[in-house]
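Before anything else, here is the set of structures, which you'll find just below.
Both complexes shown next keep chain A, but they swap its partner, so chain B is in the first and chain C is in the second.
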Partner chain A sequence: MAVDDKELTPRDTEAFTPTTAGRVGRAGAAALIAWLVLCYPTNILSPFTVGGVEANAASEAIIFAVIGLSLNVLIGYVGTISLGHQAFVGIGAFTSAYVVTEMRQEFFIAALIAALVGAAQAALLGAVSLRVTGLYFGLITLSYGIMTQESIFQIESLTGGTAGQPAPRPIGFESDFRYYYLCLIVLALVVFLDWRLIASKGGRALLALRENPRVAATWGINVKAYTVLGFAISGLFAGLGGALLAHRDTNVVANPFGLNLALVFILMTVIGGLRNRAGVVVGAAFFALLRNGELLEILHVDSLFARDPINLTAEVMPLVLGPILLLLTITLFPGGFGQLTNAVGRWLRGGRFRFVKADKEVQITDVRA
Partner chain B sequence: MVLAITLSELSRVLVLGVINGAIYSLIAIGLVLVYKASGVFNFAQGEFGTIAIYGSYISITTFNLPYGVALVVGLLAALSMGLLTERLVIRPLFDAPRVTLLVATAGVALLAIGVEFWRTANDPLKFFSSIVNSPSSLDRVSPFGVAVSDQRLITLGVLIVAAVLLFLFFRSPLGLAVLAASQEPVASELVGVSVRRISTITWGLAALLGGAAGLLYAGGSQFSPGLITAAVLIPGFTAAIVGGITSLPGAAAGGILVGVLQALGSLSTFDSIKGASFVSVFIVLLAVLLIRPQGLFASRS
Partner chain C sequence: MSAPEPMPAAPTALLQTHDVSIRFGGVQALRDVNIQINEWEIVGIIGPNGAGKTTLFNCITGFYAPTSGRVHYRGKDVTDLPVHQRTNLGMGRTFQNVGLVKSSTAGENLKTAQHLEVDYDPIAGIFGSPRTFEVEQHTTDRARAILDLMGLAHLESTRVQGLPYGVLKRLELAAVLATDPDVLLLDEPGSGMGPEEAEELGDLLLKLREEFELTIVMIDHHVPLVTRISDYMYCLNFGEVLTEGLPDDVRRHPEVVRAYLGDDPDEVH
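After this line comes the complex of A and B, so read on.
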C-alpha cells in the first residue's frame, strides 16, 4: 500500500461526483463494514458460524474502543498523559462487580455507579494535574496505576482478593452474542457523548487550553474547571468500559490490571490517531483482537506465528508489534490509523480516495510538557 | 492498627531498606544522567537491567561461560541496548517534544519486555545465581543482628564505587563537557563540544548503571520478563524526583531514602494495609511533587 503524503491539492477539494459504478461500490463497501460490525460476530445474515469465544473477542474489541476514547479525551483533548489508565478501567470493573454482587443491584445501576466512581477518581487526579504537569504528571499516573493494582485491588472485602469478584451479566444479555450488542450500544453512547463534547463550548474550551492554557485563560476560559471536567469525562468513559469488561468476563481479578495493560492502552490510542474518533476505535479494536489472537485466527495466520522458530503467541504480539508501530506512528505517520480512516470516510461520503498527510492538529507531539 | 514495632524488626527493615535503596540509587543516577542529557524520563532504564540479566543468564546456561565473564556480557548487552536506543529512537526525535520522547522510551521498554516474554514463553521464571555462592555467604556479616548476604554487600559496594567514579568523571574534561552540554547545548557546541557524542556517552553510562543494578538485584533470586521495570523503575523515578531530578548526589541519597521508606511500609504493623510499600512510594512521589518539586536536598533559590 503506497501511502501518498501529499497535501490536499486543488483536485481534492474541487467538487467531485462519483459515477454510478462508484456509488454502487461505495454503498457496497459501507454495507460490508456495517455487516462486519453488526452481523458477523453474532451469526446474523452470515454464511460463517462463529462461536461464543469469537463473540467475546469482538466484545473486547468494542470495550477497548470505549477505553481508547476515554484515553483520547486525556491525551488528545486535555493534553496530558496517563500511564495509569488501567487503574481507571479496573476501578470501574471492580465497582460494578461489587455493586452487583455485594449490594444486589441491577447491572445498569452498577454501570452508572462505576462510571461516576471512575469520574470521581479521575477528577481527583485532574486536580493534581493542575499543580504537577507534563512528564512529572506522567510519573504520578504511572505510580498511581501500580499502587492501585497492588493495594486497592487487593483489599479482599472490596475485590474478593485473588479469587476475584463475581460479575454476572445483566438479565436479557446473558448470551455472548447479546452481550456484544450491549457493548455496541455503550460504544455508540460514548461516541455520541464525545462528539457532543467536542462540538460544545466545553470541548472547544478544552481544545483551546490544550494549545496554550495561558492564552485560553485570557479568553475567559476557566482552565482549572475545564481540566478537571476533561479528566472526569475520561474517567466516566473508562468506568463504563471497566464495567463492561467485568461483566463480559463474569469475574474480575486484579492480575490483568498491570503496567502492560496501561501501555497497550497508550499504544492503541496513539497508533489509532489522537483526536480522531474513528481512528481510535479502529486502533483499539485492532489491538484488542491482536491481543486475544482473534485477528490472526480470522486471517488464518495464527499457526504461522505459533510454529517453532517464531513461537509468537497472541498475548505477546501487541508487546512486540505495538512499539514498532508506535515508533513508526511518532516518526512517520503522526495521524496513525486516523489517516487511513479519514481517507476511507472521505471516499465513502462520495469523495476521492486520497491519503492526506495529517495536519499539525493530529499529533502526539503537542501533549503539554 | 497497633503501633507495636520491635527493635529487631525495625533494624531489619532499615538495613534491608538501605540495601534495596542502593539498587534504586543506581537506577535513579542513570535516570538523572539521561534527563540531564536528553531532557527525557527514560522509561527504558529498568529494561537495561532486565536485558543485562538475560544476557548474563544466556551466557551461563547456553554458552557455559564463567560467572564473571557472563556479568561482562550482561553489561555489554545493556550497553548495546542503551546505545541503540539513543541512536534509533532518541536522536531522530531530537527536536520532538519531551512527552513524545517519553512515550517512545516507554515503547522501547515495552518492546524489550515483549521480546523477553516471547523468547521465554514456555518457562518465564528463571533463577540467576548470586556472585558469591557458599553457605556462609548468606549471613557472614550481620549489622544490628540482621543477616546480610554478600550479594547485598556487593550491591552497596558497587553503589559507592559508582558514586566515586562518577564524582571523578565529572571532574575530568569529558565529564565537564557532559555537564556543559546538559546545561547549555548551543554554547557547548560553540566551544567545540559535540553534543551528539556527549548524548551517546551519557546514554552508554546510564545503560551500564542500569545493567549493573539489574545484575545485582537479580543475583540469588528468580527473575521474569520485565522484572526491573516492574520492581525498580517507579522507586527509581521517585528517588530521582526526591533528589531533584538533576542532582546526582541527590538521586543517590533519594534512592536510599525511598528504599527505607518502602521498607517501613512492609513493617508488620501495616499488614492490614495491602501493598503498603507501593502506597508509601506513591505518597512520597505525590508529596514531593506537590510540596517540594525542586527536591528535598535543593537549597531554596
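After this line comes the complex of A and C, so read on.
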C-alpha cells in the first residue's frame, strides 16, 4: 500500500456521488465501527461473549487514547518531547487514588484534582523547557520520569509504598463493562477539548510558535506563556488518563510507571499521526491492545513469540514492532495511522477512498528531541 | 504618487532610536544610530549588505537588546519590552525570509496573526465557551476580508508551503495587516521582484497607508522603489547612519554612491 505522491488531481476534487450500493456499504461500515466501539466490549447486541478481562483491555485502549492525545499536544503542538510522560500519568493516578482513599472524596472530584495536579507539574517542566531545549530537554524529562518513579512514588504516606494505594471505582461504574463507558466519556471530553483548543486562539498560537517562534512573537503571541500553557494542557489530559488507569486497576503501584511505558507512549503518538486526532486515538488503542496481549490473542499468534528461545511477551511487543512501524511512518507513511483514518473518514462521508498528499503530516523534524 | 494628504501641522515622532549601539562579540553591528519616524511618513532605509539594517529592525522590534541606547515609541521607552508587547502597542514587521506559518493555510495564518484582536481568554477557548464560537466567526470573516483586499481570497484554504515567493511576500504583508499595526516595518518587501512588480508594490503600499492609516518604514535594495514612495530616507553603512534626508538628495549623495558602488562615481547607473 504505497502512498500516492501526486498532488491532488482533478479526480480527487471533483464532486463524487456514491452509488446506492456504495451508500449501503458506507452505512454498514459506519455501523460496524460504532458497534465495535460501543457494543462489542460490553456484550451489547453482540453474538460474541467477552469477559471482564477483555472489557478491561478495551478500557486500557481508551485510556491510552487519552494519554496519546496528551502527548500529541506536547509533540504535535508545542513541538517538544517528553520521555517522562509515564510520570505525568502516574502522578494523576496516585493523586486520584489518594484523594478517594485518604481524603474520602468522590471519584469525579478526585479526577478533577488529578487533572489539575497533572497540569501544574507539567507547567513546571514547561518553565524548564523555556531555558533548556532540544536533546538536553529530552534528557531532563527522562530523568524526571525515572526520578518520579524511584522517589516520589515510593513515599509511603502518599502512595502506600509497595502495597500501593487503593483506588475503588466510582458508584455506578463498578463493573468492568460499565467502567469502559466511563473511559469513553472521558475520551469524548478530551477529544472535545482538543478540538476546541485547535479551533481557537490558543491552539493557533501553539502551532505558530512550534514552527516559527519569531513570527509568532511579531504577531503578538506571548511565546513563553503559551509554551507553558501547552505543557499544562498536556498535563491536564495526562492527569485524567492517570486517574482512569488507577481506578480501572482499583490499586496503584509505582512499578508499571517505568521508562518502558514512556517509550510506548511516544511510539503510539507519533505512529498514530501527530496533529491528527483520529489517528492518535487509533494508534494509541492499537498499541494498548498490542501491549496487553489482546490483539495477539484475537489473531491467535499469542503463543508464537512467547516460546523459547525468544520469549517475547506481549508487554515488550510494542518495543519490537514500534521501531519498525516508526521507520515506516517516517519514510513511507508520514501521516501514520492518521493517513488511514483520514482516507476512511473521507470515504465514510461519501467521497473516494484515496490517500492524498495533504494528509502527510508528520515531518522528520517533528521527531527531533 | 497618490493624492496629496494633509500633513499634520507639526510632525509628531512615532518611533525614535537614541544612540542605539549593539555589539556581537568583536563586531560593532550598530554604532550610535539615531533615526526618527514621524506619523504618516514612509521612511526608506537603504545601505549595502551587512550595513546593519535588519539589526536595526531587530532592535526596534525587540529581538535584540541594544548594548546601549534607547528605543522610543509614541514617546514611551520600549527598549526593555518583549516583542509581543511591542506588537500590542502597534508595531508590525515582516521578515527577509518570509514570516509565515508554512504548514498552515493562508486563512489560518491570517487568523493566527489576529491573535491580539481575538477577544477571549485562551482557556475559555479550550473549554468551548459559546462566545468563542461567535468571535471565531468574526475572526474568519476578517481574515477573508483582508485576503480579499490583497487579492489573495482564492488561497484561503491553500497550504502556504510551496506557494510562489511573490505570493508569499504579499501574504506575509496581509498577515501583518491582520495584527492591526500603526507602523509597518518592512524588511525587503521588494526582494526578488522585477521593476514592474516593484512598481505595483509601491502603489500597493501607498494604498495601504491610506486605507489603514499606516506609518511605514522599509528596508530595500530597490532604490528606485524606495525613492519613489519615501518621504524621508536614511542610508546606513558599517552600522552607522551615513546620511539622511529627502530621497533624491540621499540617492545622489556622493558618500551613498560610493558605499553602493565603490569609489568610482562614473559607474553610477
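Assume the second predicted complex is superposed on the first by the 342 of 369 C-alpha atoms of A that agree within 3 Å, B and C clash if a C-alpha of one lies under 4 Å from a C-alpha of the other, contacts with A are read in each partner's own complex, and residues count from 1 in each chain.
Assume contacts are C-beta pairs under 8 Å (C-beta built on N, C-alpha and C of every residue); 3 or more make two chains touch, one makes a residue touch a chain.
The structure presented is a predicted model; accordingly, all values stated were derived computationally and were not measured.
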item	value
Clash or fit, chain B versus chain C on superposed chain A	fit
Which superposed partner A:266 touches (first chain B, second chain C, both, neither)	first
Which partner reaches more residues of chain A (counting touched residues only), chain B or chain C	B
Touched partner set for A:322, first chain B, second chain C, both or neither	first
Chain B versus chain C as contact partner of A:22, first or second or both or neither	neither
Touching partner for A:223 - first (chain B), second (chain C), both, neither	second
First (chain B), second (chain C), both or neither touched by A:331	first
Partner chain in contact with A:192 - chain B first, chain C second, else both or neither	second
First (chain B), second (chain C), both or neither touched by A:214	second
Distance of closest approach, chain C and chain B, by C-alpha atoms in Å	9
Overlap of the chain B and chain C footprints on chain A, listed as residue numbers	none
Chain B-touching residues of chain A, taken from the complex the two chains share	81, 83, 128, 131-132, 134-136, 138-140, 142-144, 146-147, 150-152, 154-155, 258-260, 263, 266-267, 270, 311-313, 315-316, 318-320, 322-324, 326-327, 330-331, 364-369
Of chain A, residues touching chain C in the complex	192-193, 196-197, 199-205, 207-208, 211-212, 214-223, 226, 229, 233, 358
Contact set on chain C toward chain A in their complex	61-63, 82-84, 87-88, 92-93, 95, 99-104, 108, 111-113, 115-116, 118, 120, 122-123, 125-128, 132, 136, 159, 175-176, 179
Residue ranges of chain B in contact with chain A within the complex	40-41, 89, 92-93, 96-100, 102-104, 106-111, 113-115, 117-118, 121, 226, 229-230, 234, 237-238, 241, 273-276, 278-279, 281-282, 285-286, 289-290, 293
